[in-house]
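Both complexes shown next keep chain A, but they swap its partner, so chain B is in the first and chain C is in the second.
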Partner chain A sequence: MKTPAEATDEQIIDRGIEDGAAKLTQDKVKRVVQKMLAAEGGARLKTYIETCAHCGLCSEACHFYISNDKDPAYSPAGKIKQTIGEIVKKRGNVSVDFIKTACEISFTECNLCRRCVMYCPFGIDAAYMMLFMRRICHKLGVVPQYIQDTAHSHSATLNQMWVKEDEWIDTLHWQEEEARDEIPGLRIPIEKEGADIFYSVIGPEPKFRAQLIYQAAVIMHAAGVDWTMPATPGWDNSDMCMYTGDVEMMARLKKVHFETAMRLKTKRIVMGECGHAFRSVHDVGNRYLGWKMAPLPVIHAIEFFYELLRDRKIRIKKKFQKPVTFHDPCNIVRGRGLHEKARYVIHQTCKAFIEMHPNREHNYCCSAGGGVINCGPPFRKKRVTGNRVKADQLEAVKAKGAEIVIAPCHNCHGGLEDIIKHYELGMELKFLGDIIYECMEKE
Partner chain B sequence: MSHINDWDWNTGKKILADINQWRKQFGWVEEPYASPNGESVAAIVKVDEMSFSVCENGEAWDNSFDKIWFLRYGPDNRAAGLVSDTAMWTVAVSGEPWKNWFEFVWDAKFGIHEGHITTAAQKNMEYFAVTDDQPWENGFYNLSHLAASPSGRSAAAVVQTKPINEGDIAAFQKGCFTVAVNGSPWQHEFLNAWEISFDSEEKHVAAEVRMNLNDYTIVVDGQPWNQRFSSVWQPVFNPADGSVTAPVRVAGGWTMARNGEIIWNSRLLQLWHHIYSMNGSRIAAVASPKFGRWTLAIDDVPWALTFKDLVTDPVFSPDGRHAACAGKTDGKWTVAVDGIAWNEAYDMVWPPIFSPDGKNVAAKTEKNGIYRIIVNGQPIKIDFKTLWNPIFSPKGDKLLIRGVGTVEDEGKYIRIIMSLAETLK
Partner chain C sequence: MHAIYEIVSGPMVWLAAIIFILGSLYRLIFMGRLAAKKDPMVFSYLSVYYSLRSIFHWIIPFASVNMRKHPIMTVVAFAFHICLFAVPIFLCAHIILINEAWQVKWWYLPNPIADVMTLIVIGACIFFLGRRLLLREVRYLTTFSDFLILAGVAAPFVTGFWSYHQYPGHETAAILHIISGEIILVMIPFTRLSHMLFFPFLRGYAGSEFGAVRNAVDW
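Moving on to the complex of A and B:
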């Protein structure tokens, strides 16, 4: 295995941060920050800041801290101190350069994975603190270029990848046609009002991973599920605006998503294998709009596959032969507790399963989540070297025989793919849907 | 043009098609759609290998196509679908394709009362709308949020007027989007524009826009309101005086604004989907008065009745004196009228419909896979496998029921005219 890259201290120039900061003055920073603290910096922020005892128990929970040779600057408490802590302490009287640094820390050195929350004796949510910092950055117009571009795509097309409406529908037709070559009676039912299930995916699926829609259609067909996908915006459940601090746009995205499911009078939303989208739909965006829970049941693919296998709606012809391990995505395991259902699916479909350690809610983040991978190429090296501990974890499970890493999350795939490549681990990544599609009885 | 007065309102039952028979005949039969007057039912069917058509009341269209999707009936009781032949697309109405073909068509819309059809289209990577086979003269880099005027004769959409290179956030933030009405774009560009509304006379158009990353407002005929808000939802024209109202977010929560000025005292956790009574004197909107509770707010006063999960489909009676909506708590739906919920709960409820005199409310419901029409909270005891929304007769004394039956009528498409007195027995 390679040693971690040395050069994370090289200066990164990001146009979103630089150009945004160039339009600021210290006075404007102070004005905007004070307005934000008054409007949104309520009891939760104050309680967290006043409660933190600087005990350092959060440090060992953070993959950035561990992977950067236990540099305190990368500990969760350290990152809070360097960002929102300082802002609160100085009541917004901070420099433009400070905002640039705080932006980089909050957007690219924290995955909002909430592992540290479990180890904090007071349960302080460091992710909330980092998101508050990002919210201030959004209000100041200082956001890394690539994730800001993604947020722009969300706002203009209501999907993450600038997918135009005709391209989306054409992709569904194309995947249906392809799948019919394999299964003649198969249909991807578009705009079918009253279907039981509204199946939603994230932007990268029609853009780069259309085979996942194909596979989902095959699974739905074999299981005899009454399902539909919309021909309108609202098909994309993803949400980078949740991570740029643009909560108003996050709300708009979730409104469109839920209302599309409601317009079609479907009974529940089944989501593809994505973690952050689940967080947005099931936890953050819905609540911002006024719902305590989602207005209709939202089922992650893991739960859906679990149901199909448990109820024998799909049958496994022959189990997957290569030894597999499982990466627990933060948002659906720490955030939703789907780890045992995921293992049920794996045991039903795979011959040999080897746990990586730590696992379940204690698993390390892939370092792509929380919008970090969406900050793009300028920060790739920092992201990958900031997660050497994940490489160690994968190398250890590989030594036990695991050849395949299953990760039911798109961002995890992106992050793990970079780690596997950088550290030359030679492991293969798969979604649960890949495994099921490969092993199931299709007719 | 077929008018509701001209429909057959004689009480009785007609069996118009046997969809199970279609399945034997064609093998491939997609979900059926019924015409508004109930006299026709249609479904996309496969007539040959890679060749699709539409079966209407048992007869396939003369023309077949490589692909058909989005089959729907217009208010003139003609079936229309989006069809493809040799990789080009158009709209086919009653089997006859338009003369113009495009690289793709989608988002077809009908006027509410007339049979005009508008669709979004793309050709040579230019995006535009087409109304009744007449494409806009101008094409754009992209098009979304297509809206048809009440008659369907006019169309408006959000259009992208400048190219945006990947990652060019500066260009985006200068504004690349506006609204085009019948192909003519407004003069000003915005960061974003979204939901669009026409006025009742089809002379004016309003839309929600974002002026910069943080400021939202409403634009009417290209002119933004003077006021800025942290968010807005779809604007609506008052049918009486032509003023424009929209839910807006201000410090303290959501409220209602007219022509930019706040007109409601309430500050709500959420407020959206507002509607006017026909005479423009009353506004109803879906509202969340407190976290996790949903209701209708009428003229700034929320109902005491709230639902936990959802409120949808607000509607005024034609005289504007009554309001109804669908509501859901703990996964079960019902209908509420004037703040009082029906006793029964259902797995799904469709939009409630007032009779012309406003005295009765009917809705399509589903429970355990069985569909029924409910009138004033009481079920009409006929089970259906598939059902469409009921329609009151012009006098309000009869109900048109359209559905695919069960048991002895299994698989058969049925049209029933029932006197209201009979349904209420």
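Moving on to the complex of A and C:
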């Protein structure tokens, strides 16, 4: 069977993995792994490994498996076998090279999309297993360089993109100024205590896609929403530490996010169109902080748009004319069941909607999620060829006439953009916010 | 021969049954306690409604997408599991033995039907063996122990069939039948066959997370 490097017929060198591994010895690996297994290897890990019937029925759930000509090394159970399964079996007595391979598999060949949970008769969660493997890698200091840099940014600045505090405030002012050219009365209320809504975004928005903050402000303004954004760290809801296995840092990030919303005495958090951030706030980060559910209501942009349209808070001037299709992001569909609400928003705003198949909970991941795209250029080719099935899916819906792909998730945008380019699909990507902004009555 | 028969059909049955019951209890309690200690959130999120919703979807043939994707496997797997439990529990000969020992009896399967069901189990084992050898994604996962387990499951049915039909050597077959039945009972808690014990919990947990936290279905 293949080793990960063969997947793209060329050796992938990642400095984070290489340099981290260079500092290890087999003995150290063993010590760290055994400590980890003793401390955190609980009933889930044990039962998953001992119950797996080796039946292979999960294989076809995984886009990596399908796209790599059904190479079993890419099946969910196949990846478990090559990583954490072997580690548990050998009680950590594995070589440094093994850790390098396991690191590459768990970080770059699984999007933690949890599609396979719906295909395994036992509901064995390969994503949990891959995350466990990543956590071991984190403890060993063997993590792909790009995503580790992001995690460093998180710990130094509490945002994903090394955005400084004044840059953040400047960006908000700048977007407010721009938007006031279009709509004179518009404000981006900063630090407004007691506002109904605390609006949080991911680090890349101020850094690369400030336009999205502008659009959100226009939507909020038109809907007459009482909202605010903080001037302090805590504005960024994203969380790559959740994906590097740095759960301590992940918890810290979520704590700051929640506490900032509570410091401003806001009633609920509305998050921008991002999937992984939603997962971290709704599903993962809160748990590590000891909250069963988030300490104040948290909703994703889809749900917010749904409410605005349902309650006629915003009106559509003219529906979006080009035929659209919808990519269901894993973290808010399998992760929150927002698929029908998203379709409601689309039906309210677009003239022609064409479903891609499979869809809803069964949609294929974009292959960017789970931190895979954040592992950066060394793994790009592998990520894109590892999701040929997504290209086929898009091509089929394009043949039915779809020109625009709506994906309400930043990671999905990154992943789909690469796929559309690589497979020359010539489709355009949009957020729901883009569509609403374009079609709404603004005053 | 008779002395061996006495031992395997007497004290060893008791031993196997006790190991099976205590072993299963031990495994379940141990896992439950481990979960409470290391993964306490498993219990916080467990929801009876969503657990049952998921379990039902996975014990009804073709109720999940993946079952519909693999129709032959679905039919074989369901037929196999049903027969695997029904034959030993509702076999006339077993009930007679139990009745002799304890004067209790219950409904039993007509012999010809039990015979066909036995063949279904054996046929399914051959099918599973074929999958393990021929399907790339299954072969990749297969370990030596998987073959042993498969052989262990098939053995009591092959030997039972043999002795029931009084083929040559049926007396030996009868002894082997009892021994292999005892072995498989003992194996359940301590091998991958423990999926029998853990299925409801794993499925229930997955169903609870998907249903209660994520507002989605898991089939």
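Brief remarks follow.
Going forward, the second predicted complex is superposed on the first by the 436 of 443 C-alpha atoms of A that agree within 3 Å, B and C clash if a C-alpha of one lies under 4 Å from a C-alpha of the other, contacts with A are read in each partner's own complex, and residues count from 1 in each chain.
Methods note: contacts are C-beta pairs under 8 Å (C-beta built on N, C-alpha and C of every residue); 3 or more make two chains touch, one makes a residue touch a chain.
No experiment lies behind these values; they were computed from the predicted model shown.
Shared-chain residue A:Glu40: touches chain C; no touch with chain B. Of the two partner chains placed by the overlay, neither chain B nor chain C lies in contact with A:Lys319. With both structures placed on the common chain, the touch criterion links A:Gly335 to chain C but leaves chain B unconnected. Using the contact criterion defined above for the overlaid structures, shared-chain residue A:Lys292 touches chain B and also reaches chain C.
Of the two partner chains placed by superposition, only chain C is touched by A:Ser75; chain B is not.
In the superposed model, A:Thr157 makes contact with chain B only, not with chain C. Touch criterion met: A:Cys52 reaches chain C, while chain B stays clear of it.
Shared-chain residue A:Tyr146: touches chain B; no touch with chain C. Common to the chain B-facing and chain C-facing surfaces of chain A are residues 292.
Those residues of chain A lying in contact with chain C across their complex are 1, 40-44, 46-48, 50-57, 59-61, 65, 70, 72-73, 75, 77-78, 81, 117-119, 121-125, 282-283, 287, 292, 333-338, 361-362. Those residues of chain B that touch chain A in the complex are listed here as 28, 30-31, 67, 69-70, 103-104, 106-107, 120, 122, 127, 142-144, 160, 164, 166-170, 172-173, 177, 191-192, 194, 210, 213-214, 216, 230-231, 249, 251, 269-270, 272, 288, 291-292, 294, 308-310, 312, 328, 331, 347-348, 350, 366. By the touch rule above, chain C contacts chain A in their complex via residues 31-32, 34-35, 37-39, 41-42, 44-45, 54, 58, 64-66, 69-70, 73, 131, 135-143, 146, 192, 194-195, 198-199, 201-203, 205-207, 210, 213-219.
Only residues 15-16, 19, 39, 138-139, 141, 145-146, 148-149, 152, 155-158, 162, 164-166, 169-170, 173, 185, 187, 189-192, 194, 231-233, 246, 248, 251-252, 255, 262, 265, 267, 289-293, 295-297 of chain A touch chain B when the two sit together in their complex.
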